[in-house]
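Handing you this structure, nothing more for now.
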Amino acid sequence: MTTLLTVDGLKLRATGIGSLVVDDVSFSIGRGEFLAVVGESGSGKTMAARAILGLLPPAITRVDGRIRLDGEDLTQATPERLRQLRGPAIGMVFQEPMVSLNPALTIGLQMAEGLKLHRRLSPQEIRDRSIGMLQRVQIREPERCLAAFPHEFSGGMRQRIMLASVMLLRPSLLIADEPTTALDTLVQREVLDLMVELARQEGTAVMLITHNLGLVARYAQRAVVLQRGKLVESGPAQQILSAPTHPYTRQLVDALPRRDTAAKSDTAGAPVIAARSLEVTFGGRRRLFGKRPSVRAVDGVDLEVRAGETVAVVGGSGSGKTTLGRAMLRLIPASGGQVLFRGNDILAADRATVRAFRLGCQLVFQDPYSSLDPRMRVSQTVAEPLRHVPELSAADKEHRVEEVLEEVGLAGFGRRLPHELSGGQRQRVAIARAIVRRPVFVVADEPVSALDMTIQKQVLTLFRDLQRQRGFACLFISHDLAAVEEVADRVIVMQSGRIVEQGSRDDIFDRPQHAYTKALLAASPALDMPKPEPPVIAGKTYART
Amino acid sequence: MKLRGNTLVGGTLIGIVLLTAAVAAVWTPYNPLQVNLRARLKPPSDLYWLGTDEFGRDVLSRIMAGAGTSVLVALLTVTFAVVVGVILGVVAGYVRGWTDRILMAINDALLAFPGILLALGVMVVVGANKYGIVLALGLAYAPSVVRVVRGTVLSVREREYVEASRMIGNGEIYSMVRHVMPNCIAPIAVLSTSMFGWVLLSESALSFLGLGVPPPAPTWGNMLAASRPYMETATWLGIAPGLCIAFTLLGINLLGDSLRDRLDPRMAHA
Amino acid sequence: MLSYILRRLAFTIPTLLLVAIAVFTLVRLIPGDPVQLMLGDAADPAQVTEMRRALGLEEPLPVQFALWLGKVAVGDLGKSISNGLPVLPLMIERFQVSGLIVLLAVFFAALIAVPAGLLAAWRQNQPLDLAIVAGATMLLSIPTFWLGLLLLLLFGLKLGWLPVVGYVPFSENFGQALLYIVLPIVTLTMVEIGVMTRMSRAAAIDVLRLDYVTHARAKGLPERRVLMRHVLPNAFAPTWTLIGLILGHLLGGIAVLETVFTLPGLGRLLVDSIFARDYPVVQGCLLFTALIYVLVNLVVDLCYPLFDPRVQAE
Amino acid sequence: DAQTGTIRLRLKNDIRSTDPGTNRDGGTDGVVQHMVEGLVAFREDTSVGPLLAERYDVSEDGKTYTFTLRPDIRFHNGAPLTAGDVVWSWRRYLDTATQWRCLPEFTGGLVKVDSIVARDDRTVVFTFDRPSALILATMARVDCGGSAITHRDSVGPDGKWRDPIGTGPFKMGEWRRGQYIELVRFDQYASRSEPRDGYTGAKKVMVDKARFLVIPDAAAAKAALVSGASDIDHDIEPEDFAELKARPSLKFETTTTMSMSTIIFQTRDKVMQDVRIRRALALALDTHEITDAVTAGTAKANNSVIPVSSPYYTKVQAAGYTRDLAAARKLLADAGYNGQPIKMLANKRFKSSFDVAVLAQAAAQQIGLKIDVEVLDWATQLDRYTKGDYQVQSFPYSARLDPALSYEMVTGPKATQPRKVWDNPEVEAILRQSMQIADRDKRQALFDTLHKRQIEELPLIMIYNEVQIAAMRKTLDGYKGWPTGQPRLWGVTLN
């Protein structure tokens, strides 16, 4: 296996803060190799990856180190040369798919433009390939998708579209920064298989940045572990996971979510919130010519969440989970049904009731970056909900903010602005904001997708503790079945806007009834899963397990 | 650090203008109103550094004396237009519905009124003094600000962080002030600095169309308008106030840009 | 869609009504009187009254307003006091001149300013940016009448390439007509470039640092394409609003320009009428401009979804 | 050929109508008078001479005027001019619906027309209720449209004015609103035999067409003239004079007109009612210097309401104020003036108004008199003038061709006519006298008294009579200005 990329002694500094965000990191990837980069949230994974592309944000500068691709020193390359390499040589899927697609351009155009630039293809061929690739990532109606704009898709769909558009170019090095955070396990598996296939057929080297150790175990040949900007361990993936040497790695592996056997028993309280035949319909909106067909994103959902209970919503990407959560918080209009908050239908309530409802409820947005005011510092953002807690003094508030930041592992980050944070850090800011006021009901939309195992554990424990102390109700939307398994009391499985199955956690995980649930569970990668046979270098055929 | 350079140049230019205005308050080479019919239209010389105008008044002294009034009028006008415009624009864009419709109906109506007519109308009420001009031009420019701000607000209010603010239970006004307004700064900054220039000039345009701003107290705009007949024979008359306006504007723009960059979270450390 | 347009058009009525009331009161509030102006320093009070009566100016204001509005409702804007011509055809004739010049000038200005602003944003704080910003600022600080005259003297007198006064309608002689409106268009274009450049620069700066731009770069797109394809559409919205504003503003009157270039345009008609206290013309012109305004804004709003699909027409 | 056959003259504003003496302004008169003519007209020396009339006879009692028309005069439509046309035209003027500007003069203001009778085809008899020295001058007044006689087809069946069918040397061509009005030579014009003299005398048209170009902006007009897009600008701004003089392709004609540049006072104002303050200002001004500065040295200072070009302007009228700062300061002190600001209104439509205001302000500053200049648009200033609502104004008066009319313009009772600046019954009585008698010497004596009182009572400071500077291309020959300030394009050739 020849080496494709070598990163040698890479040091990146954040100019404003003055600290090194990546400190003397070295690693290499061979052709056709599948390298996993794992590590603490905020440890510099994303920055290291962007350094390879030469696309660091302005506030981050490379102070030292070499990056060689195929023997060519990228740190010395001209901008023009770098540009030529981006796309066909190095493709990167960004961590935040929600903000990486241009809102003003159709999907088709955005997919086609890389191809048009780097490969000589007829428009028809481009279209065919785009459609083919979208099909591979399981986007339904790919033809229609080509003409649609990004905002018409769910988070997971956008992530898949991003992946498709990068993989379409078949780059020699594919950097995928948390590419599956918004994908359900079925799609996740499909997407990763696709990467493996690329690696096999084209000799693509894959650098997968992920928190999901199950994925690492299942797909990666080698892994490197980062902590606070430093590379703390590297070696064959299997070995690292089974016999970690560095304390942090050990910690990571130990933090893997486990089912909390001491599940809370009393879920008998009255429901805090309940949905009755809730329906949400999108579209049917006017266009210049005619109407577009409407999408029923939530279709007659009934559900209840009691105090102190965590109800997990799982389901395919695009199945309407986010929409359900938002509709229950009255953030988007429901087209039918009721939402009862402590017995009052808040869809038809007066202002005062709605306000009381608002003060009691919180949402952790699926896309934390967009939900943070770019001009507000972390501490300001987190302190904001406390405005409505008049009984707290200014000092109390400050104290409370610090406490919460500490709890989500962001102590000392109060002065940062959202763009100065890593993906996982932003997500934690969003969580901190949601819980700082001690709400009675929280919709947490993929709240731990960008968190490494240790932090994830910390956050989940926090949820638990809060629930124990305050008895708050939580609607926990997630693709991460492991996390669900750890926190949920009850689980709801959604497909195409409908609930296909619901039941207690143990029922769902141990005795799934619906075929879809079974498939979801089966596709979930776990540490102890058998690894697919090691991918082989280009030219050899790939046999599916 | 290019940013420093901008700030420095901008700051220096504005500093010079303010200093000039301050100095002119106590001293100018000649009395800016002093007519000297024996020294009319004299080109720049060591006696009159910037020459004299058609009444033999010293151009340098008038430029100096005009600095204060010009900048003050422009500043007041822009402030008026921006404050009124931003408030109404944010309200219209954020609240939408009937408020928006009514505000925009009024706004569009006001937009149709030419500055001249407003100026004439205002002068009846306030009198032909600089506050009249401020009010008239302010009224003429505020509707543009309203439109631009409203447009920006319409897109900003859909951002998730505004939704998040509402989710927290923040009132609409608070969300508007705290989250929407600061994120509409860019177009407002551009508009207000450009407006600064327009005001300095529209004074001269009004004057050109035959409506004076309290002359003969010098302002740059007035001087520019008055110099027009002498464009070929006494070029210095127009060049001096023209350059003053240009450099003041440049200064304001540079300063405005660097201020904006400073307010901008992403540039704060760059 | 159609119903939306119709609804929007219906909303022009209150705007127009407001304009009607405001302009009617305002022009009568300001001192001065058309009859007095006509008779000058020799005015005989009795004669003034007599002539005012003949013009219907002696009626109580509400009555005058009602009479006028009644006629406006059936499309009769009355007759000019100055020259007795019906207002509507007069305005339409004048508008053709202004409209053409303004549309072309704003078009050219946008054509130059938007890419220039984009370029400046792309090279933010570098020499190219400074040069563009300085250039735009210079243009912002040149008054129309000054620039216009300069061009007139240069191309009309010194070089003798273009005629200095007059106007020929396009319907009469296309080539000639072109010669007469080149300078006004160039002048207006230059005057409007300044603010548009700055607006597009500011907006582009904001967009340039968004993740999808980085992502576009990560695809290896050349910078030109990144700018034109990814930045421009997203940065265009504020500039577009501004263009709408400028368009409306200018269509309502480019009096200064028309005066400098001796064009029989709407702006000059309005200003002349204001100075002559020619009430029917002023009222008519303002109603007309307000209407144009509203229509321009409607078109502007209808175009928004073209470059920001998230924005729906209401 | 056609090109050289068209003379192009610049107009500042479009004309208002082609109906003589009704909807009009100065520029309108200037154009319309090329197409129509009245019975009598002003001569160059501002006396009145016959035009359509061959001669006129005034009865002993001065109440009956008999006009005999010249033979062979034809209207533009070919119809011969008859006494009936005169009667028709005058009936139309005397109809209030016509809104003839000079209607008040002939319905009692000056005299009252008792009858107008066509005695035969060529004779018309006017009878008035009383005699007046000003009847013919008023008939000839340019702003009255010269009381022009037009053919009845000038008016449509609905009674509305269409196009002028007059007897003038030019007939109506094309009027492009806002752009130009073009007149065409009238080939059947019956010219008088005397040499050209004001609006009467020979009117020989040596061009095919006359085009009046509307160019509002002075700078554009200048460019048009220099580039040859226009042939003549009969009234350029004094400040452009120096520059244009340097152009080899141009030549000039200056004429002193009878319009006046003045500073008027509201004598009822708390401050200005004190004649000492008014006199202080008058003594602070160097009217010669101001005149020189404002008119680029073309005009002559004049402190009298009687124009310098008037035959009644003598040594007496030439005596005015002389600058005396010490005396001025003393007057102010005596009056107890303690620095209260005085507002002087001015406008930019008539640039001299603004210039005079600025210079007066500067002069006043030297004696410690604080004047604030407020620049208004012309309509507003005129309104304030008409209402008498001001302290001081820098005010331009239009031309009056008879001294009595000039005085009449400024004197009168403020109670009924607030615009009048000189409210003194004695003065009014003298004035009335001067209007009735025709004897020149007696009138001169009256005017001399009026002048002395004006200097003393100071209701206004007359500064100078405007000079009109006509700039024209050297290819143009035979143009001459005259005191009315109106252009005449007959007798002019283009080479």
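The first chain written gets the first letter, and so on, giving A, B, C and D; residue counts start at 1 in each chain.
One rule holds for everything that comes next: contacts are C-beta pairs under 8 Å (C-beta built on N, C-alpha and C of every residue); 3 or more make two chains touch, one makes a residue touch a chain.
In this text, all values refer to a predicted model and were calculated from it rather than measured experimentally.
Asker: When C-D is set beside B-D, which has more C-beta pairs in contact?
Answerer: Higher C-beta contact count between the two pairs: C-D.
Asker: I'd like the Å distance between the centres of subunit C and subunit D, where a centre is the mean of that chain's Cα atoms.
Answerer: Each chain's C-alpha centroid was found; their separation is 39 Å.
Asker: So how far apart, in whole Å, are subunit A and subunit D when each is placed at the average of its C-alpha atoms?
Answerer: 87
Asker: Using mean C-alpha positions as chain centres, tell me how far subunit B is from subunit D in Å, no decimals.
Answerer: The computed centroid separation for subunit B versus subunit D comes out at 43 Å.
Asker: List the centre-to-centre spacing of subunit A and subunit C in whole Å, with centres computed as mean CA coordinates.
Answerer: From the centre of subunit A to the centre of subunit C is 50 Å.
Asker: Would you give the residues of subunit C that are in contact with at least 2 other chains, written as numbers and ranges?
Answerer: Within subunit C, residues 30-31, 149, 153, 209, 259, 275, 308, 310 contact more than one other chain.
Asker: Going through subunit D residue by residue, note those that touch at least 2 other chains and give them in order.
Answerer: Residues 219, 349, 377-378, 380 of subunit D each touch two or more of the other chains.
Asker: Would you pick out the residues of subunit B that each touch at least 2 other chains?
Answerer: Subunit B, residues with two or more chain partners: 120, 123, 210, 228, 231-232, 266.
Asker: Go ahead and list every pair of chains that touch.
Answerer: Per the contact definition above, the touching pairs are A-B, A-C, B-C, B-D, C-D.
Asker: With touch defined as at the start, can you tell me which subunit C residues reach subunit D in the complex?
Answerer: Against subunit D, subunit C makes touches at 30-33, 36-47, 50-51, 54, 82-85, 90, 93-94, 149, 152-153, 156-157, 160, 163-167, 259-262, 264, 268-269, 272, 275-277.
Asker: Please name which positions on subunit C make contact with subunit A in the complex.
Answerer: Per the touch definition, subunit C meets subunit A at residues 1, 4, 209-223, 225, 229-230, 233-234, 307-310, 312-313.
Asker: With touch defined as at the start, can you tell me which subunit B residues reach subunit A in the complex?
Answerer: Within the complex, subunit B contacts subunit A at residues 159-161, 163-170, 174, 178-179, 182-183, 263, 265-266, 268-270.
Asker: Spell out the part of subunit D that touches subunit C in their complex, as residue ranges.
Answerer: Per the touch definition, subunit D meets subunit C at residues 13-17, 23-25, 96-97, 99, 101, 103-104, 109, 143, 176-179, 213-217, 219-221, 223-224, 226-227, 229-230, 349, 377-380, 382-386, 395, 397-398, 409, 416-417, 419.
Asker: Can you tell me which positions in subunit B touch subunit C when the two form their complex?
Answerer: The contact residues of subunit B facing subunit C are 2-3, 6, 101-102, 104-106, 108-109, 111-114, 116-117, 120-121, 123-124, 144, 147-148, 151-152, 154-155, 158, 186-187, 189-191, 193-194, 197-198, 200-201, 204-205, 208-210, 224-225, 228, 231-232, 238, 242, 245-246, 249-250, 253-254, 257, 260, 266.
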